[in-house]
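Two complexes come next, and they have one chain in common, chain A, joined by chain B in the first and chain C in the second.
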Partner chain A sequence: MAKVHVTTSVNNQPQEFLCEPQESLLNCLRDEINLTGTKEGCATGDCGACSVLVDGRLVCSCLMLGVEAEGKEVTTIEGIAEPDGLHVIQQKFLEHAALQCGICTPGFIVAAKALLDKHKDPDEETIRYWLAGNLCRCTGYDKIIRAVQDAAKELAA
Partner chain B sequence: MSSYSYAAPTSVDEAVEVLATNAASGQRTQCLAGGTDVLVQMSSVDREPRLLVDVKHIEETNAIDIGNNEIYIGAAIPSAILNENEELKALLPGLIESADLIGSTQIQGRASIGGNLCNSSPAGDTIPALIAVGAQCVIAGPDGTREVATEDFITGVGTNCMSDSEFLLGLKIPRPGARTSDAYLRFIPRTEMDIAVAGAGVALTLDENGVCTAARVSIGAVAPTALLVQEAADALIGTNVDDVALQAAADACSAAASPISDKRGTVVYRRKVVGVLCKRAGAIARDRASA
Partner chain C sequence: MAEAVDLKAIGTRPIRPDGIEKVTGRANFGADLNLPGMLHGKILRSPHAHARIKSIDVSRALALDGVISAVSGKDFPEKSGNDLGVNIIARDKVLYDGHAVAAVAATSAFVAEQALALIDVEYEVLEPVLSIDQALSDNAPLVNENNHTNGDTSKPASNVAAYQIMSRGDVEKGFAEADVIIEGEYRVPTAHQGYIEPHACTAAMNEDGRGTIWCSTQGQFDVRSNTAAVLDKAVSSIRVIPSEIGGGFGGKTTIYLEPVALHMSELTGRPVKMVMSREEVFRATGPTSATLCRAKVGAKKDGTITAATAWLAYEAGAFPGAPIGPGCMSVLAPYDLDNFKIEGNDVLVNKPKVCAYRAPGAPQSMHAMECAIDELARELDMDPIDLRMKNCSDEGTVAPYGPTFPPIGLKACLEATKAHPNYQKAKPENGGRGIAVGFWFNIGMQSSAEVRIAENGGVTIMEGSPDIGGSRASMCLMASETLGIPYEQINAHVGDTEGTGYCNTTGGSRTTFATGMAVIQACEDIIAQCKQRAALTWDLDVDQVDWEDGQAVPKPGVNADVSPLSLADIARSAGRTGGPLLGRASLNAQGAGASFSVNWTDVKVDKETGRIDVKAFTAIQDAGKAIHPAYVEGQMQGGAVQGLGWALNEEYIYNDDGIMENAGFLDYRIPVASDMPMIDTQIVEVPNPSHPYGVRGVGETPIVAPLAATSNAVRDALGFRIYDLPLSPPRVLEAIDEQENA
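Moving on, here comes the complex of A and B:
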């Protein structure tokens, strides 16, 4: 089977790539267009390390085909920072030491971005439920929650 | 077929044509909605190459139509979108809750009710909720469309009544009238991200005096397919849905269950829990209907 030609937009840039029909969007991002910020933890939808936004909606890129990105707008961790520096959420993760090994961090930040785009002032329970699909084996979650709460506060200010 | 291929038809006719042509050629075909079951299976238990037919680019699988008598929900709509529809949530709170229980925020960005139903797992959360509200499955095929009640749609563990050249367009649900509501509850060992040990959906109608005039009760994860439990509904109809009636319905659910023992729960435990869930879901549906 010939590879499929996909025309899409990644982080607001037009992007084309060739992929096998069964290849996940995660593998296309990492292997076809060399955006390796998006991580693979499980490839079964359980860990959230592969989180990206597709047309603004939070999804696991491991459970979406690359060919399904045709005509879509994909946002990855590489598209979160502002032109003049880190996004507030990224900054707060650093300040609160909300990461150790860092493998889960791109997924958490993309998921937190989706949360704060939708809920300006989420309570702790909302944050914890929203991020329930993001697993972290290092931090114990608390610092991540604090970082997101602090980012929400700063974004609202 | 020696390698995978992918098609994204944009009309019902085109989709049926693709499915029928491929079925006739003896090649394996599988529909793809949100892919949250399909992609997991493709990378683990079922790697066999096939044609994936993406059903998300068809108007009818994406439409929501809230009519005076009937509600139509497209098969491929992700649960995140259903959950953002306040009118739908107000009319069918139990069904939308069941969709909202599926996986994480990320999973809900893609997972559809149609996919949950067509995957036909005994533990699929939306299935008892769909049975409770009396959903009809609208199936498209070479001879046009046909409708099948949800309780008859699923034929066994992972199997349903559709042929290889058919696919699910959407679900038709009678619009709940006055003093009618529904609820779905499941039990999982954690608070998020797990598969139901047992589940129960209840839909009911009350009259002005709070007497139940119609009810449907369905249970999931306690038999090879979700079941419509008529005895449980009968236990509620004609009562005020008080504790005595709810206990009778619960007992009927426990009796109807034929669960298996696995790491999530034993036969005895599942039987007990499914009754408790019926009782609690019944009370929620009653309170909603009288609100």
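Moving on, here comes the complex of A and C:
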């Protein structure tokens, strides 16, 4: 089957790629344009390691086709840091030791960004429910929640 | 051990050296490597739990465009037909649902996947053995016709691969002296480590017979030796480069894909990448043993335990090797007993070969005993902490497994529990509180480290223990403390098998203890060299030079009009004083200190749905000395939530044919953020006398106590005990119904 030409935007840069029609956005990001920061943990939408923003909305990139990115704006973990340094969420993850192995971290940071873009002052329960689509097996979530709480506080300041 | 000196670096919480890569997506994990000309490998897995392979025909797969290679068990060296080799690719029989049968390498993962459907395998389906009860029953089918318990061929073949016993005193006499005896039978289901990163590797074989493997592993040196064994190659012909590792918890201490990928690379002359799907991870890797444990404990009215017995049976999967040793060692370790008997059985069933999972074997056996102790406290109307305090192991207690405990922190953890505000707080209304003790003996083993000094005094640590949860930061902190220089001046790297000296696998909570000790000794080597260089520079004897706060100084009383020489000063002129500064150490670390914990949890049970709501969880654990307290807390919190997941929800579900029915994160439900409360922690520090800074391993112990703590909390809330895990809504609901109808 012929490959499909997709014109999209990834991390605020115009991006074109060729992909198989059945290829997931996750595989397109990782294999076609070498953005391997987005991870595959399950490929069934259960773990959130592949979280990206599409037109500002949090999605599992394993559940979306690459061809569906046509004309959309995709933000991956590689696009979260600011030009002058780490995003506050990234910095807070480091300060709070909110990662151990780090495989789920890109997905959590993207999901936390989606949360804090929408809710400036989320309570603990809101944070826990927003991040319930992201699995972490190392931390027990405690330090992740605290990092996001601290990031929210700093972003609001 | 250095007496509680004024520590500057150890005990602080700096940012880990590999942190930025991990929050920006730049860190490279197992599946992130791509090589030019690379092929993609996929494995065909058995759809049967137990079957004889009558024939395998790969010709239709090979005919598909893009398929370059297809192999099955007969293509692997005969010598690799040991358990490890046969688990990696089946020979005459498939032994569990998901057992690897054949493999293909193709120009894309998509083509490789399609090719699997074109491999024709003819099976003769056999009756599977699916539980301990079935395996031990008369006339049970045999998983392995050649298996005799403990290798004793004078006895008939059996599904019990190994049996062991530990005992002391006279248990019959002990029970006769008891005023109260508690007995129970407890089941814990199969659970998976649940690391979020599936197994992945890329392998490339050169024409000269030298191969390279890039993979996610807890131990690159074990990947090297195991792959060499399976492929019948020299250990030194294979180089293994560990990627960052996306979780392991013991599950990445073995190999699955690496020999298959390297073998297909040898056949094709191209690199081969293999990545498992989540379904493959569940069906064919990990898990830990389902168990059946019988616990019996007797005590006098005043709470003195007079005897205890534990009979343990662990599912091994299709090959011997369930963690009965550690299960037996742990079950009564918290108690100082005159009379006990512990028996362990390693039982073969047609399920995946079990692999280490965090404190392997201890959560299951200690679940049984800590539930029994809880019942004993109820029967005696004693506070569960007081009962444990009365009988607990302490310095000088002879552990059930032999050695006499040096200073240990169990009593300190029990005392900290009683004093903790969360313990003094009332339990939730209509809820329950449960408490349990956890234990892991910890291990040392072999480690190597090099410390290299750059021209500006910058320090590079090179060691061989994959960093699974922040160990680079711990290495840098111990180096900072030892050398007396700032943490920021130090970086730590995990080397490949040719870039660093031998290290045993990261596991058993050995890394910060043993590899840390190697790093400390390598730093001491640097200090000795720096003192020599300074002596040379100052024209003094080396014993006239001290090392203080990161610089060489003349000893007090030495008459020398010189300025101190910093590490940077000495490094800058190293060429004139004997060449580059390179410190090294290799050791086989002895004296890993046992780590005890006390955990308690408050729960509420929804009697309509059977759902258990964890309202609070507190973990107290002896770390010996917490090098980086945030990562010690992280181990305690992560282990607690893994234990809660196992207690509440996680289990392998098989149908009657032995096919796994929940091989995915949707149906094998690990805890998510909204299921859990904050996990409160308190680190107790009773220094391990065998480590320069007092370190005990901390990673394993946290998963042990949560199982029984949760069971005991649910017992407290319901007013009756559910003996089996998980305490999932269907089981709890059924138990409530039974109780109401009884």
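Heads up, the rule we're going with is that the second predicted complex is superposed on the first by the 157 of 157 C-alpha atoms of A that agree within 3 Å, B and C clash if a C-alpha of one lies under 4 Å from a C-alpha of the other, contacts with A are read in each partner's own complex, and residues count from 1 in each chain.
Here is the rule we use: contacts are C-beta pairs under 8 Å (C-beta built on N, C-alpha and C of every residue); 3 or more make two chains touch, one makes a residue touch a chain.
Just so you know, these numbers come straight off a predicted model, no measurement behind them.
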{"item": "Chain A: partner with more touched residues, chain B or chain C", "value": "C"}
{"item": "Touched partner set for A:Val74, first chain B, second chain C, both or neither", "value": "neither"}
{"item": "Touched partner set for A:Ser51, first chain B, second chain C, both or neither", "value": "first"}
{"item": "First (chain B), second (chain C), both or neither touched by A:Ser24", "value": "first"}
{"item": "Which superposed partner A:Cys138 touches (first chain B, second chain C, both, neither)", "value": "second"}
{"item": "Partner chain(s) touched by A:Ala151 [first = chain B, second = chain C, both, neither]", "value": "neither"}
{"item": "Touched partner set for A:Tyr129, first chain B, second chain C, both or neither", "value": "both"}
{"item": "Contact residues of chain A, present in both the chain B and the chain C interface", "value": "20, 22, 43-44, 46, 129, 131-134"}
{"item": "In the complex with chain A, residue positions of chain B that touch it", "value": "2-6, 8, 32, 34-36, 39-40, 42-44, 49, 52, 54, 78, 80, 103-107, 109-110, 191-193"}
{"item": "Contact footprint of chain C on chain A as seen in their complex", "value": "20, 22-23, 30-31, 34-44, 46-47, 49, 76-78, 80-81, 86, 90, 93-97, 99-106, 109, 125, 127-129, 131-145"}
{"item": "Touch list for chain C against partner chain A, complex", "value": "13, 15-16, 18-29, 31-32, 34, 110, 193-198, 244-249, 275, 277-278, 468-470, 628, 630-631, 633-635, 637-642, 664-666, 670-676, 678-679"}
{"item": "Touching residues on chain A, where the partner in the complex is chain B", "value": "1, 4, 20-22, 24, 43-46, 48, 51, 54, 57-60, 62-65, 67-68, 70, 111, 114-115, 129-134"}
